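Multiple structures follow.
Below, subunit A partners subunit B and then partners subunit C, in two separate complexes.
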Partner chain A sequence: MGVEGIGASVVRKEDRRFITGKGRYVDDIKLLGMTHAHFIRSPHAHAKIKSIDTSAAMEMPGVVGVLTGQQIVDDKIGNLICGWAITSKDGTGMKMGAWPAMAPETVRFVGQAVAVVIAETKNQARDAAEAVVVNYEELPAVPDIRAAIAPGAPQLHPEAPGNVIYDWTIGDEGATDAAFKSAANVVSLDITNNRLVPNAMEPRAAIAEYNEPEEHFTLYTTSQNPHVARLVLSAFYNIAQEHKLRVVAPDVGGGFGSKIFIYPEEMVALWASKKVGRPVKWTGDRTEAFLTDAHGRDHLTKAEMAFDKDNKVTGLRVKTYANLGAYMSLFSSSVPTYLYATLLSGQYNIPNIFAEVISVYTNTVPVDAYRGAGRPEASFVVERLMETAARQLKVDPAELRRKNFITQFPHQTPVIMAYDIGDFHASLDAAMKAIDYAGFPARKAKAKSEGKLRGIGISCYIEACGIAPSKAVGSLGAGVGLWESAEVRVNPVGTIEILTGSHSHGQGHETTFCQLIADRLGVPISQVSIVHGDTDKVQFGMGTYGSRSAAVGLTAILKAMEKVEAKAKKIAAHQLEASENDIVIENGEFKVAGTDKSLALPMVALAAYTAHNLPDGMEPGLKEGAFYDPTNFTFPAGAYICEMEVDAGTGKSTFVNFVAADDFGRLINPMIVEGQVHGGLAQGIGQALLEGVVYDASGQLVTASFMDYTMPRADDLPSFKLSHTTTLCPGNPLGVKGCGEAGAIGASAAVINAITDAIGNNKLEMPATPDRVWHAIHGNA
Partner chain B sequence: MYQTTYHRPSSVDEAASLFTKGSDAKYLAGGHTLIPVMKQRLASPSDVIDLGKIAELIGIEPTGDGIIIKAATTHSDVASSETVQKAIPVLAYLASLIGDPAVRHRGTIGGSLANNDPAADYPAAVLALGATVKTNKRSIAADDFFKGLFSTALDDGEIITAVSFPVQDKAGYAKFNHPASRFALTGVFVAKTPAGDVRVAATGASQNGVMRVPAIEAALKANWSAGAIDGVRISADGLMSDIHGTSDYRANLIKVMAQRAVIAAG
Partner chain C sequence: MSTVKLTVNGKAVSAEVEDRTLLVHLLRDHLNLTGTHIGCDTSQCGACVVHIDGRAVKSCTVLAGQASGSTVTTIEGIAKGDELHPMQAAFRDNHGLQCGYCTPGMIMSAIDIVHRHSGNLDEATVRHELEGNICRCTGYHNIVKAVLDAAGRMKVAQAAE
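Right, the complex of A and B next:
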């Protein structure tokens, strides 16, 4: 309803402040008496701390305090937790090593904090940090999966023999093995899913303030989920009780998952603010972001697909080693298991799937959820296998996919997920049409005649979003429920505030969430405000990640709205002397259907608050809340096709075209959806062509700056051609599925499939740098 | 950044005199190398002497048989200079490839040459065109100027004042970007002199910084065409090898970029 309702490409309300430099981020906040923290970080990937001498630093100008890992242990501040328990195939639990917020005895990755200097200014803290003398005894390091699992490898944690955290399986191994035994054809691939740095534009930051008489803490932090931060900080870290801790996440400049987790720096800032009796601020710099933000991906996988004589998939067998870094980050355990292996069925009817995932410790920064979190890795495995199979079986890759598409819904896969709805043929049709798939052979031939290598690659992805039904994730080991809450407040003059536990870090909630209200009530979005990111204001919430904020967060708002509307209709009916069943809401007015009698929303609201003339027994006020727990995941899906040209002389790949046909269910704001897809595609293409973390043999991060870590730039990317096909999600009343991660999930396989098609060599790892592609062309990879 | 004393002299002589007074003075041109390392606290000069505002160091002038580019002239000014575009268009093109617009509006030719980054663009032009580097003390031929990685013939405190480029018969530059930094992963500059000599310089490739490529020079002297390079073998020995380009890949790029530079030169 209305020009600003659901489906309208309304310009983002929040952008005026962002693009005029008026956003308010953590680093913009200055508190009276605020001090500044600078962390002393390990230069070694693995070492024993022999001694720390802070005496000289304590005498430096402006220094308020120098605190060490031993003090944090002495003060009984809890070790960092992992919020999802994974059980190994032998029935044992995760082999988790202790992760204190600052290392008291042993450092296990370059950049791990060992001490912190608190001073009057940032520069004084930095100066004094240079005077802290840390004496290390270096230990041998394991910088990657292969080194970690090698016989006789250095051990990171006594709790985890062989550096293995868990060895987990899903699916029916016997049935899958049988499918392979009777297969007409088997296709296999070794896949490296390259490790990535999230690189949010805003680095992480924290300001902690302790109010001594009240024994109350306030933490301003760069968080995607401030309530989860408060819950974890209070329940596990022995810093503050929940009602004595306020967590505020103001504007957040990107996260991509990396700001879900509670990091050591936030814990130390809180603890230190009480120790020194002054507010403590820490803002990470870009180097600290590279060294200490949780990285993403990092899998080594062997995958095999079995086909019958009709080219139907009969089985999928996957063995993956996942690198979780030196410690288990908050949701690290779930990413390569329940967010990965449960999506290995892709868009296909695969009767037998068996996957084994072995997660290992290495002397690298912890790895956790990063845009897509497990699902890009799964989609890459399935779609690289499909493309490889088409080449091996000499069938058209689109036809092979179509032959195996799931067409009946709901569909129960062998790996937990029950797909509710989809139309995979429709999205592949749309993508093939958009790229003129039929005309490709002629284009390839023409390019060949001009000495160019041209290829085309398809990727049909599916993801599980709308995270998540609480009971289901609880049964799989999650430590939290993943519902969302909302409160709708209609003020006495009819303006509206929406309090939500979702928290935008770039998604445009302040616009899209208002569009729901505009749609329901017919009021302009300027009359609606969103309140989020503050545990003192918002009742509770689980935050924003996993493409959940529309499917779960907005549905919670809808549930609260329905209660508000029901009460408002009762008030309007009472005032208009009509039956509440006859009241309809149009253009901001409550009308008696079939008459010219109406009452504007402000009048209804005012009546609710003056309470002079309400129906008998009705409470004053117009404010309702709701908690919404989804019944299932949502399943966005789509087809991406990429056409590339490769320069044989240099190995440089250039986009000819990239088309995306997504099914996200109902779109709230198509313009914002488009922006989300563009961003996701940039990150998926970044993974395929450009980005990749490199640690050297001693565990030093080689790609620790933008001079070495290739972030995608505008001129690295094509002008995307986007389209949508729609099946409405039956699991929520809005029919929405989520769009935040799709691009990052589907893009990389399309790119690699296109390049390998162009060069005629399927052996190519990500990132497919010109060097690697050139070597692959010339057969000496 | 540690504390330092910033100076803005108005003449080359004043700059040189300030340099001798500082205990550990550094010249600042565009600042793209010095400022980042100072921010990282990897350099802590006692004095920073800004050459960027000295009027006598800025400007581009035609000479009888070439052009003179003064040392503090920015890449952007070189790229957009009609004088350069007319006399040695490839030099303007090369300047337009350096970094990004922000870099090109700060970075200077003198700063780039004095720093002699092994992947910078200008050294390839200076070496292949047979330019002369003028300083406050002397003139240095290109072949004598570059002394290896981040090393030049400049004495301590010596200031580049200008670079004199002769116009050659043919000149072309082809650069393959480092994917992350956008420096040259390998860039090759080719030039043919009026006397028929050929000079070819590669940047971004050698462990010792910019270098001439005699094998390609010989092939092109015999036959100025891209095809003439087909049979040339470039050894990977002594070439840089890193995560973005192995030495054999760089050896290939020297050849491929040389061919493209010849085609561009016409």
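Right, the complex of A and C next:
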């Protein structure tokens, strides 16, 4: 590797603008004549809208327009859709209720928009919103899964009897039942996977501008995938035809999944910009983020694992209820099915798996992908079961895992996934060494002598990333392909622009993608620019989520680079009067191997564009594109071990140590990879200890601010000890697997395993607050 | 409406604002200093931290009128030309930022932390002091490293002055 090539911890190119306050996020943009939108939102979880009186608001200072849900329906703006079709076990399709961008008749969660005020200033829009009078007839609400499936529960959507969206299964039920019948031991757990709010630090925002003569819209939006936004807005929502809609996602302040989806506010901003003939800006505040950003997780699961007399796993049976909220968000259906149940084999050789997933409507914010998306829930089920089994079978939890690790690859699990490669022993070895696992009993004894409870917890996760092979996901119901595209433009002076469909909102693509070019051509990364996030610049792209940008996005760039290099070699060979097979690329020079003849990249580029002396029949220019569709998922995996000390008097858990040993294949930039792991761990630990959405019985969101929802802060977390083991991914030429979600997938089970080990009570729900831990120690006294 | 006069990043500025205008909105909307961010509505996240008369303050908790007559420094005002403030450089060198949204507030808070502790910081102190700034990307690991690194750099810079 060169100093800036693959494998180098290059300091990020994009940082300078962020550390000097020159980042450009959506809310930083001002357009000439721009107006401001403020939404009127339902205060009720479930209600009929009896009337909306906008007359007083229309008279308020600065008001440009007040628009309602009925108007958006009348204008035939399409309902929001879910783009992944799931088929129930009885062969019927999923039951999708209608979701208009603003409710014309019925509201189904607190925070759902019913009208919008457009005014000259933000304050004027807020003031006028106070004057909009909405009369509601309250309806009984179902705030959670248990309420939704109770007999006689209030119905949310006529399309979905019993509030059930689908009842889906995977695996061989008969074989799995047989494995349980012949099992020597069975371990079972009831698990609540707590509901979370993604809370990217930048609230969502949108600015829409309509050019009337051109019938053209521009949308600046906080998106992880601007092209997908354009596709959905044009193909399904009737906002504009694709070539009449430009979507720009400039600097975006974190996403974690929540900015994948196309939300009502963006649709309304676009529609309203045409209605009022002025640019319309909406910037959400944090309360709106809590009330409208897609939430994550929210499962109730019963899981059982069967073991033979040698402690080998023979079967896994899982029944999960998933809460999808009041409406089906864009990819919501896939999260508790194909992103969850397909990972239930974990790192283990489990011959029989059967899972049933029942997804339900509730009067809550829609739930969709949040960092890890289904895979944290799967990993939590498997790793809590493994730990519980070790305790029940009285064997060391590391040894029980080792006995059941998959060691031969490729490995076909009973739940679709075919793991391509891995070395699970190596990552567990590394983690155990890092935390001095062998020394734990002595540390526990010492802590006990000091009156403290000490516990250790292991979590060996696996995830499916590099999302995804289009044909495979298409056969499973996906409405889109999940390839990625790229274009490499070598300019006449030899500088390089990389256009990518991936989107960076913290991942550092402007650095890591340049590192590939530095590696290939030996040019400094300062000569390379990454262009992304604008549908007018980049032809197409599927965006960034599912740890796909390196495995899929960067591979697309590599494919385009190979074409550029091939053409450049032909040009260099022609100019140097050599055979193209003899041309090698080193330090930005095209050299004739074994001679001192060479041509620098700028000279090759110039020759391509002057076209004065190109090989006969060659087109001028040096620009190539590629679409790359992966052939399989990638399978990052690793071992996390957490050591916790619990104060029995207060129930407070304190980190002693947290170690992570990950196998992400080849690392492009280890510094950035470690940053991704740190952030993921914080979110996994946040789920385990701090974060959890609370709805009251009437469907009010109690945790709707940073005062009420516990975000991890610096003093809640330890410094992490990271290490890497490596098996190169055979599925892509770079050997990369993806690192964005691992921490969030593996961490929570390690923490809960450690605390339950410390307190000697395995019954403990997330978030494991001091209150819950204290009660787990002392009972309900 | 009131006229607010103050010094921002070394320049005297004056603006006509509604009485209810917060300092953060004066900076962002009237002065186009969009480096100061808004991440919440309850003064919890710290994305809006600036310095008022040398002290770190959440600019969402201060009315623009209250800041009248004071000297305000924002993230745009701490580098000396092309030369980054040591805290800015330390955030970059330690990969103390990812999406960059909390970063301006983090940096402004962190400079104040170093000043208040005269540069004598350890990990636990930094973690405790950063309690008013929320980051969702980094898990704080590299932010803590950056602040400790910058504390050393700022000592050296001060000694050189």
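FYI, the second predicted complex is superposed on the first by the 779 of 781 C-alpha atoms of A that agree within 3 Å, B and C clash if a C-alpha of one lies under 4 Å from a C-alpha of the other, contacts with A are read in each partner's own complex, and residues count from 1 in each chain.
We adopt the following convention: a contact is a pair of C-beta atoms (placed from the backbone, for glycine too) under 8 Å apart; a residue touches a chain by one contact, two chains touch by 3 or more.
Treat the numbers as computed from the prediction; the structure is a model and nothing was measured.
Look at A:W774: by the touch rule set out above, it reaches subunit B but stays clear of subunit C. Touch criterion met: A:L717 reaches subunit C, while subunit B stays clear of it. More residues of subunit A lie in contact with C than with the other chain of the pair subunit B and subunit C.
Shared-chain residue A:H157: touches no atom of subunit B or subunit C. Look at A:F18: by the touch rule set out above, it reaches subunit C but stays clear of subunit B. Touch criterion met: A:M707 reaches subunit B and subunit C at once.
Residues 287, 706-707, 711 of subunit A contact both subunit B in one complex and subunit C in the other. Of all residues in subunit B, those touching subunit A in their complex are 40-41, 176, 179-181, 185, 243-246, 248-249, 252-253, 256, 259. Of all residues in subunit A, those touching subunit C in their complex are 11-12, 14-25, 27-28, 123, 199-203, 251-254, 256, 285-287, 505-508, 671-672, 674-676, 678-683, 705-707, 711-715, 717, 719-720, 743. Put simply, subunit A touches subunit B in their complex at residues 126, 130, 287, 649-652, 690, 692, 694, 702-703, 706-711, 769-771, 774-775, 780.
Partner subunit A is touched in their complex by these residues of subunit C: 18, 20, 28, 33-42, 44-45, 47, 74-76, 79, 84, 88, 91-93, 95, 97-104, 107, 123-124, 126-128, 130-131, 133-144.
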